[in-house]
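Presented below are the structures under discussion, each in the form of structure tokens.
Below, chain A partners chain B and then partners chain C, in two separate complexes.
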Partner chain A sequence: MINNKKTIFCRLLKNSKGTDKILSIYWLAILFIVAAGIVYMVVVFYGEPYDVREIEATLLANKISDCVSDGGYLKSNIFSLDNAYFFRECSINFEVEDFKGWNLDQFYVETEIYDFDDTKNNFQGDLLKKFSQGNVALKDFCSEKGKNFPKCVNRKFYAIDESNNQHIIGVLSIVRKTEKNVR
Partner chain B sequence: MKKGNILAENILFILLNLIFLIILVIFLFSKTGSAAVLEEKYAKQIALMIDSSRPLMEITLNMEDAIKKAKEEGWPENMIVNIEGNFVTVKLREKGGYSYSFFNNVEVNANFDPNFKGYYFVVDEINDKQ
Partner chain C sequence: MLDKKAQIGETITWVVATLIIVVVLLISIFIASGSDTAKKIIGIEKNAQYSRESDRAVGKSFFSYLLTKESGESVYSSLQKPPEINNFNGNLAVKIFKELHKEDYLKQIWFGINLKPNDFFNSYAPPTHTRFFIKKIKLNSKDEAMLMVAYD
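Now for the complex of A and B:
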């Protein structure tokens, strides 16, 4: 009985006839290589955190846009607001979790209201009002490409004020949070 | 070669292949449905959901897979999601948990709904504006 089992195992490894579909040491090696490849890919894929910074920056830009204009009209008191009051009214809180030395430095947001000028390529006339909050140093990284840099969302839209004056509004939102979104 | 030997070799070959595939599938499922992955996924999803919400909204989120995992880990279902200030923490086990912050300055209450197998979130204004 033991001898019979030994014979079967030997046949499995020896590959006695080339045409027979028997398990060889080469087949075992292929199995292990395939398994190692799959394990590696899965570990790399699921070990990488979900990168939600671009969505977060887009949502932040949406939020700021809603604070500046409503239904295509600039908010009536927008030119009289000071920076701090604007962001308080906008209900924004840049406090972040206590993680790897994070402070109030993981976001930056900036909005600028320009006169509409159709003689210029970007339609931006004189700058009338600017609001900004957060870590201004993040702005320097917007031109950089790569997953380890903060994500920036830059948008421009058109709105009119109560007196039907036309304006161009620029919104820049930046989210860092690199350590929680990139490995 | 005897006929009996060919049959035994083939059966062993098929069995080894099956064992190999089963181990791979178990590994894949253990990775995709692991508590750490689910905690991160739901913490970020809830934070983004709150960021896009407005006061007086009520949002429901199906968390069936997370609830199932919490049950397996012996963690109470009604303590999976915790929102304090502007931080969301999702915890599916005793030693674990993942936190993510949201920038929308709103007050959010997270409530477990056993019938829906998920949570519903009630978004309200913060009354600290001066």
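Now for the complex of A and C:
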């Protein structure tokens, strides 16, 4: 009788050892799946860079707009400024981070001041002044669509000078920096 | 017999637990991969765009418009007395806001006083499901000139 009980106990013990083994393998598999899932999520989420070039180009255009017009009026000395002095006045430089051989060629900015002419469709009369700086070659890509091309922001606004002459200001800003923003 | 029942119970528990783990994982992967639906849920935007909530170019046009003078009187002054929107300031507003800025704001751009309809911009009826921003300036204690721009 006692022997019989011993045998049943031993068998149960052996059984529970087997179940534990299966459970351990199961737990290992679940752990592996969860870990792989987390790694996949991190790679997917952070693996692709955020494309902030349009924001950068808009901020650049805003900065230029502030340089041209302030408080509703064109800057009083705007027509007497030369190109280099205008960008110095705006405190803008095109230095970029040391990355993949980038130089001063990742930006282009162009500002044009026109007479306001309401007989024309785009209200742009005579071109009175133009300032530009940066890599002019980027301008050719503005008509192209696709994430590998530079981002262009082209804005226009209305401004007057202190003698109440009306003007149209065009600001074009372009940011390349493709390697850092697109993969 | 009792042993078997216990085993079945335990197995069901683990199967359900596994299913829950897998479902939670799949949902997380779906969100992290930034599908359109997921983007709407948590606002992931890989192609970040500048928010137009306070457009610098429109703001500059607005203030220059108010400062523009005709016969020595600024648009701002003319908006303060009836008829607030006259031929000069109304037509100029149409040229600047409706036409010059139409490339940027195809949805709607409206100028007027206290949301009252006028001959140049009709009544203000914002398109449904659009976000807009307002540029406004006080004309007197009760009137405001408003520029409303639907941008998205």
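Note that the second predicted complex is superposed on the first by the 139 of 183 C-alpha atoms of A that agree within 3 Å, B and C clash if a C-alpha of one lies under 4 Å from a C-alpha of the other, contacts with A are read in each partner's own complex, and residues count from 1 in each chain.
In the analysis below, a contact is a pair of C-beta atoms (placed from the backbone, for glycine too) under 8 Å apart; a residue touches a chain by one contact, two chains touch by 3 or more.
All values reported here derive from a predicted model rather than from experimental measurement.
Looking at the shared chain after the overlay, A:Gly72 reaches chain C, while chain B stays out of its contact range. Contacts of A:Ser91 after superposition: chain B is touched, whereas chain C is not reached. By the touch criterion stated above, A:Ala137 is placed in contact with neither chain B nor chain C. Of the two partner chains, chain C is the only one that A:Phe157 touches; chain B does not reach it.
After overlaying the two complexes on the shared chain, residue contacts for A:Val44 are found with chain C alone; chain B is out of touch. Of the two partner chains, chain C is the only one that A:Tyr26 touches; chain B does not reach it. Judged by the touch definition given at the top, the superposed model places A:Leu104 against neither chain B nor chain C. Residue contacts after overlaying the shared chain place A:Phe123 against chain C, while chain B stays out of touching range. In the superposed pair of complexes, A:Gln166 makes contact with chain C only, with no contact to chain B.
In the superposition on the C-alpha atoms of chain A, the part of chain A touched by chain B in one complex and by chain C in the other spans residues 42, 50, 52, 55, 59, 62.
Listed in rising order, the residues of chain C touching chain A in the complex are 14, 18, 21-22, 25, 28-29, 32-34, 46-50, 56-58, 60-61, 63-69, 95-96, 99-101, 103-104. Residue ranges on chain B touching chain A, taken from their complex, read 1, 5-6, 8-10, 12-13, 16-17, 20, 23-24, 27-28, 31-32, 34, 37, 40-41, 44, 47-48, 51-52, 85-87, 99-101, 103-106, 125-126, 129-130. Partner chain B is touched in their complex by these residues of chain A: 7-8, 11-12, 16-17, 20-23, 31, 35, 38-39, 42-43, 46, 49-50, 52, 55-56, 59-60, 62-63, 88-89, 91-97, 99, 107, 180. Considering their complex, residues 26, 30, 33-34, 37, 40-42, 44-45, 48, 50-52, 54-55, 58-59, 61-62, 65-66, 69, 71-73, 118, 122-123, 147, 155-160, 164, 166, 168-169, 171 of chain A touch chain C.
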